[in-house]
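Look for subunit A in each of the two complexes below; its partner is subunit B in the first and subunit C in the second.
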Partner chain A sequence: MDLLNALVALTNYVIVPGLSYGSQLALGALGVTLIYGILRFSNFAHGDTMAFGAMVTILLTWLFQSAGLSAGPLPTALLALPFGILGTIALMLLTDRTVYRFYRQQKAKPVIFVMVSLGVMFIMNGLVRFIIGPGDQRFTDGERFVISARTFKKLTGLDEGLAIKTTEALTVVTAVIVVAVLFWFLNKTRTGKSMRAYSDNEDLALLSGINPERVVMYTWMIVAALATIAGVLYGLDKSFKPFTYFQLLLPIFASAIVGGLGNPIGAIAGGFIIAFSEVTITYAWKKVLTYGLPESLAPDGLVQLLSTDYKFAVSFAILIVVLLFKPTGLFKGKAV
Partner chain B sequence: MTETMKHTLLFVFVGVMILLEGMTDFLFFSGSWNSALVILNMGLISAIMAIGVNIQWGFAGLFNVGIMGFTALGGLAVVLVSTPVIPAAWSSGGVSIVMALVMGALTVVSAVMITKFMPAGKLRMLVLSAVMIVGFIVYRAIFDPAVGSVEAINPALQGNIGGLGLPVLLAWPAGGLLAAGAAWLIGKTALGLRSDYLAIATLGIAEIIIAVLKNEDWLSRGVKNVVGLPRPLPYEVDLQADPTFVERAASWGMDPVTASTVYVKAGYALMFTVVLLALLWMAQMALKSPWGRMMRAIRDNETAAEAMGKDVTRRHLQIFVLGSAICGIAGAMMTTLDSQMTPGTYNPLRFTFLIWVMVIVGGSGNNFGAVLGGMLIWFFWIKVEPMGILLMELVTAGMAEGSALKAHLLESASHMRLFTMGLILLLVLRFSPRGLIPEK
Partner chain C sequence: MKKLLMATAAAALTAGTAYAGGHAKEVKLGVLFGFTGPIESLAPAMGDGAELAMEEVTKSGKLLDSATVTSVRADTGCIDNGLAVANGEKLVAEGVNGIIGGDCSGVTGAILQNVAIPNGMVMISPSATSPGLSTMEDNGLFFRTSPSDAREGQVMAEILKERGINSIALTYTNNDYGKGLADAIQSSFEEVGGEVTIVTAHEDGKGDYSAEVGALASAGGDILVVAGYLDQGGLGIIQGSLDSGAFDTFGLPGGMIGDSLPANVGADLDGSFGQIAGSDSKGAEIFAEMAKERGFDGTSAYASESYDAAALFLLAMQAANSTNPADYVGKILDVANAPGEPINPGELGKALEILAAGGEIDYQGATGVELIGPGESAGSYREIEVKDGKNETLRFR
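Presenting the complex of A and B:
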């Protein structure tokens, strides 16, 4: 019984939050890694792209809510999501046309691209703050729990409850669908194949008649969609605040690099590695250990390895270790 | 018009802007000498930070986005050097904290040694993890109770290990040293990898430094802030109580309150100018020396420089440490100016990326450019807000009174800052990538 309780507590506090946070990071890291693979620079504006997409979706969600539209037990934001994606795609294509294309034609060094992305980051950050303000926004509605702690206790008769929020379930399900579609697209369609070809060997791809501008355009569209979905899911699960999205850059970069920059499978694995390390290292293990260990060995303290405020330090430490011992990432990435 | 003329005029332009700020309240100027001096002081500090970044980026092509961390370390130095000694903290737990930190450092060093000297394999992994786990447990066992007892001492005012009680001016070089030490650690690990990785590593370390400052209450009281740090200049209240000063103020035709605030701020401006000129001179000498030429050669072609027998990674480490030390000095000066340490106010957009805008706009690779960029961009950073409000008033003038859009536009005008800075950065990068004062 105690062991079961320990398992439930572990699932409730570590596995479920880790899975949903990991899916959010994986979606973010996929965007970063695609940009790196095709356009060959680290996009510092990615966090703010996520914020922009989430903002458009939030504004539309409010519009739908006031019009009385709803998705039943699911959050209304799901209805607004496609439009949010379209808005972000428009912004991305506009940015590419006005900003990045010039440097592509110049064949500028990657570090110049990074600097340009800093400028884009500033503008997007300013735009988001200008339109929706710097404060916290909550836009979650619909059913709050798939299964609440109390129902679970009643159902199983255990002391420990297991609560799964709708947003958490939704995050994981959406992430699985999105990733499946993305891999189908990259591996089976003509455009996807040309993207991979371009990423593997630019010269050879150009030689075989692939239009680079088209590849770049599709990349931005996919990245915009991924960023918006990641941003909205994160906002639904936690809350929307422009500055938090900016701070997500570090774990997202860490995920992409740990998995191997430029490698989509690596980005997903990296997302979950970073998320689970953050959660397990900053979680206070007292409860699980008290259930799991015999009475005499039960811990006195909280058994928390690091306080929650140091979660950045965790992703950073993993990042450094991977950079030192395996600079190309766990799954072969492009970067050396 | 010669190049030199043009560049001098640019500096004159910034000077005139600051003078106008003091003299007139036309448009976005405020017409207060206090406000002009506040802008000037932070402008001088920004210029010093820009020199630090310019040394790294302009001389050596290193992309450091962790400036905020080094600035904050400078601020920490002020607390650790200048606040009074708290004997109770040292007798109760301070020594154990230091011991715990030494233990932690020893653990890391031995881990590095093990990976270096033991052959790879299962045994190494086993020994390594054993050392790390034991080290961590011992560290926490010494550290936690010590921190508890230090934080229990007079928590309303102190609750930290206090400082050394030395003159606050000593904190400036100390801030530089602290930042240099951190930079050495980061450089040792992240330099030699590709340029994007250094950027991401520095971004991370800056966040971690801020997290430590916010959470380790025993060090600098965390988010409870340290206020009332010692100042190198007299307090305004003391000046107002001093009859000779009041007399002098009257002879300048100013009331004693304004005179005292202006006097103190002008004093700071003088001190900062001295530091800025000294650092500028040194940076200029370094740039012109064989060392500076070597740096630029490495920046332009690493392979060729390596072929000439230059140790690229070592030189990169050297310049990374030097540039970060300058940022540390500037950070210490800033905390001295504010006479308080508030970890919650460090924001990467303001303390890292804005400095980058300064360097790029001023002209990367040129020290005078960095100084100009620092002063000019700081002026605009402050003034974009009133400018934005003016603009919005103009835009919304035709709208109906009390409409929601009008209210929203007026309210959001202050967020124009980031947008404008991004726009300036993109425009300069596109149309004048070498900046206002290009590298020679």
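Presenting the complex of A and C:
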């Protein structure tokens, strides 16, 4: 019984939040890694692309809500999501036509692209704040919990509760579906294969007749979709505020680099590694240990390795260790 | 923004001067608040509160030789020490007779050390509540119309004890205010025999607080005390704790009291309780009425304290018959405290008359002013409990 309580407490405070946060990071890191692999630069505007996608979705969600549309127990935002993706794709393609294409024709160095993306980031930053404002926006509706802590306690008679929010379940399920579709696309379709070829060896790909502009266009479209989905899921689960999306950029890049920039599997693994190390290292294990260990061994202190203030420090410590000992990341990405 | 503010201040100044044309004398008070930055939503009402007192005095025509009082606004940015000090110096250069401000505790200390003390300028802050300011060396030049957070810690400990709570988990927003308040709550609660299981900081403006909530839940405690801001991390912590079933009841210090919290959290917040600086004096009502007439919200946080700060300056000047800080500084405690005729908001003219005739006053103002110790408000608090999604006042302490 006690072991059961320990397990429930662990699931409630570590595993469930870690899984949903990890999925959100993984989706974000996938976008970053695709740009790095195919367009060959680190896209600093990714966090704000997520914010833009989430913003379009939120505005449409409000429109749908006022029109009385709803998805039953699921959040209305899911209905608005496809349109949000379309809006973000339009913005991405517009940015590429007006900004990135110029530098591509100049054959600019990657570092120039990085600086250009920084500029794009500031513009998007302003655009989002200009349209929806800098404050918190809530747009979650529908059923809040798959199972709430109180119901769980009642059902099982355990001391510890387990809460799973709808948005958490939704995040994980959506992430699995999106990743499956993406890998199918990259490995099985002609366009996907041409993208991978272009990523592996640009000259060879050009010689074999792959149209580079086409590959670039598809990449932006996929990245826009990934960013919007990640942004909306994060906003649903937590809350939407432009500034938090900007801050997300750091853990997302950490995930992508830890996993190996340019490697999609690495991005997913990196997302979960970062998320779980942030949660587990700053978690106070007292409760779990008190349930799990015999009474004589139960700890008095909090058994917390690091205070939660150091949450961000954890991801960067991991990042540095990985860069020192395995610069290409855990899953062999391109050399950084 | 800065330019705009400066232009506004300059415009207000010119307008004030033109208006003052026919009068003999001019008294200038600096209004040094964070018109930009984290409390930019509160600062306009605070500025209006201070200027309301100035207008009232000017209209009465009874200050010194029927002097006019003009306000010179300047920005602290709330957390920008460089900006605050530069603007403080600018005010002194413009020849203000006193500075109402600063607002946030950190910049207030900086202005005090770098501007007020070297220039012998008097400061009355309406909203800096850090306990650190009580002990800071101030050459007797610093006063505040808000109570120190150390007092709030005592009040909170009393309330907790009376409700039979023996252990709390404590989290604070990671800045001067949060840290000072958390220290005060912890030491006062431990003094009365309570146990604090964990003290941990949270950062504002983040999306995710599950790690913080996890640590707090693991430490346990009867309730969770959240010394944060209701629109910021404080809300996130409460939402996270309720979602994961970590805590059901919350202790809410001043920064967490507001209508938006019960509205955002919903029915689960019922039964949580806390306290915020406030008094049941008649002055508060009168002030709210006066503010409404002038077109701003008098119940906005620290607006009434700002009115009192401005009024104290002008009354002390009248009592000392001088606008020189070195002369009137000694009179501030005299006019604020008993003995003397109690003075409510809107009665500044009457107070000036009494002082001119050599009588004594006990300024009550909008917040029931009573200055103690090193010149800070004794502080009465409203005890609040959330019932049916509303903050209800239980009693005053």
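By definition in this document, the second predicted complex is superposed on the first by the 335 of 336 C-alpha atoms of A that agree within 3 Å, B and C clash if a C-alpha of one lies under 4 Å from a C-alpha of the other, contacts with A are read in each partner's own complex, and residues count from 1 in each chain.
The working rule: a contact is a pair of C-beta atoms (placed from the backbone, for glycine too) under 8 Å apart; a residue touches a chain by one contact, two chains touch by 3 or more.
From a predicted model like this one, the values you see are computed outputs, not experimental measurements.
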| item | value |
| --- | --- |
| Subunit A as common anchor, with subunit B and subunit C clashing or fitting | clash |
| First, second, both or neither for A:F331, with subunit B first and subunit C second | neither |
| First, second, both or neither for A:L118, with subunit B first and subunit C second | first |
| Touching partner for A:D309 - first (subunit B), second (subunit C), both, neither | both |
| Contacts of A:G133 with subunit B and subunit C, given as first, second, both or neither | first |
| First, second, both or neither for A:Y218, with subunit B first and subunit C second | neither |
| First (subunit B), second (subunit C), both or neither touched by A:W285 | second |
| Contacts of A:Y198 with subunit B and subunit C, given as first, second, both or neither | neither |
| A:Q247 touches, of subunit B and subunit C: first, second, both or neither? | both |
| Subunit B versus subunit C as contact partner of A:Y234, first or second or both or neither | second |
| Subunit A positions touched by subunit B in one structure and by subunit C in the second | 247, 307, 309 |
| Contact footprint of subunit A on subunit B as seen in their complex | 61, 63, 136, 189-190, 193-197, 199-201, 203-205, 207-208, 211, 214-215, 348-349, 353, 356-357, 360, 412, 415-423, 425-426, 429-430, 433 |
| Subunit C residues touching subunit A - in the complex, by the definition given at the top | 174, 198, 200-203, 205-208, 210-215, 217-220, 231, 236, 243-246, 264 |
| Residue ranges of subunit A in contact with subunit B within the complex | 41-42, 44, 99, 102, 110-112, 114-116, 118-127, 129-131, 133-134, 246-247, 249-250, 253-254, 257, 305, 307, 309-310, 312-313, 315-316, 319-320, 323-324, 327, 335-336 |
| Contact set on subunit A toward subunit C in their complex | 9, 12-14, 17, 21, 136, 138, 145, 148-150, 152-153, 161, 163, 165, 234, 238-239, 241, 243-244, 247-248, 278-279, 282-288, 302, 304, 307-309, 311 |
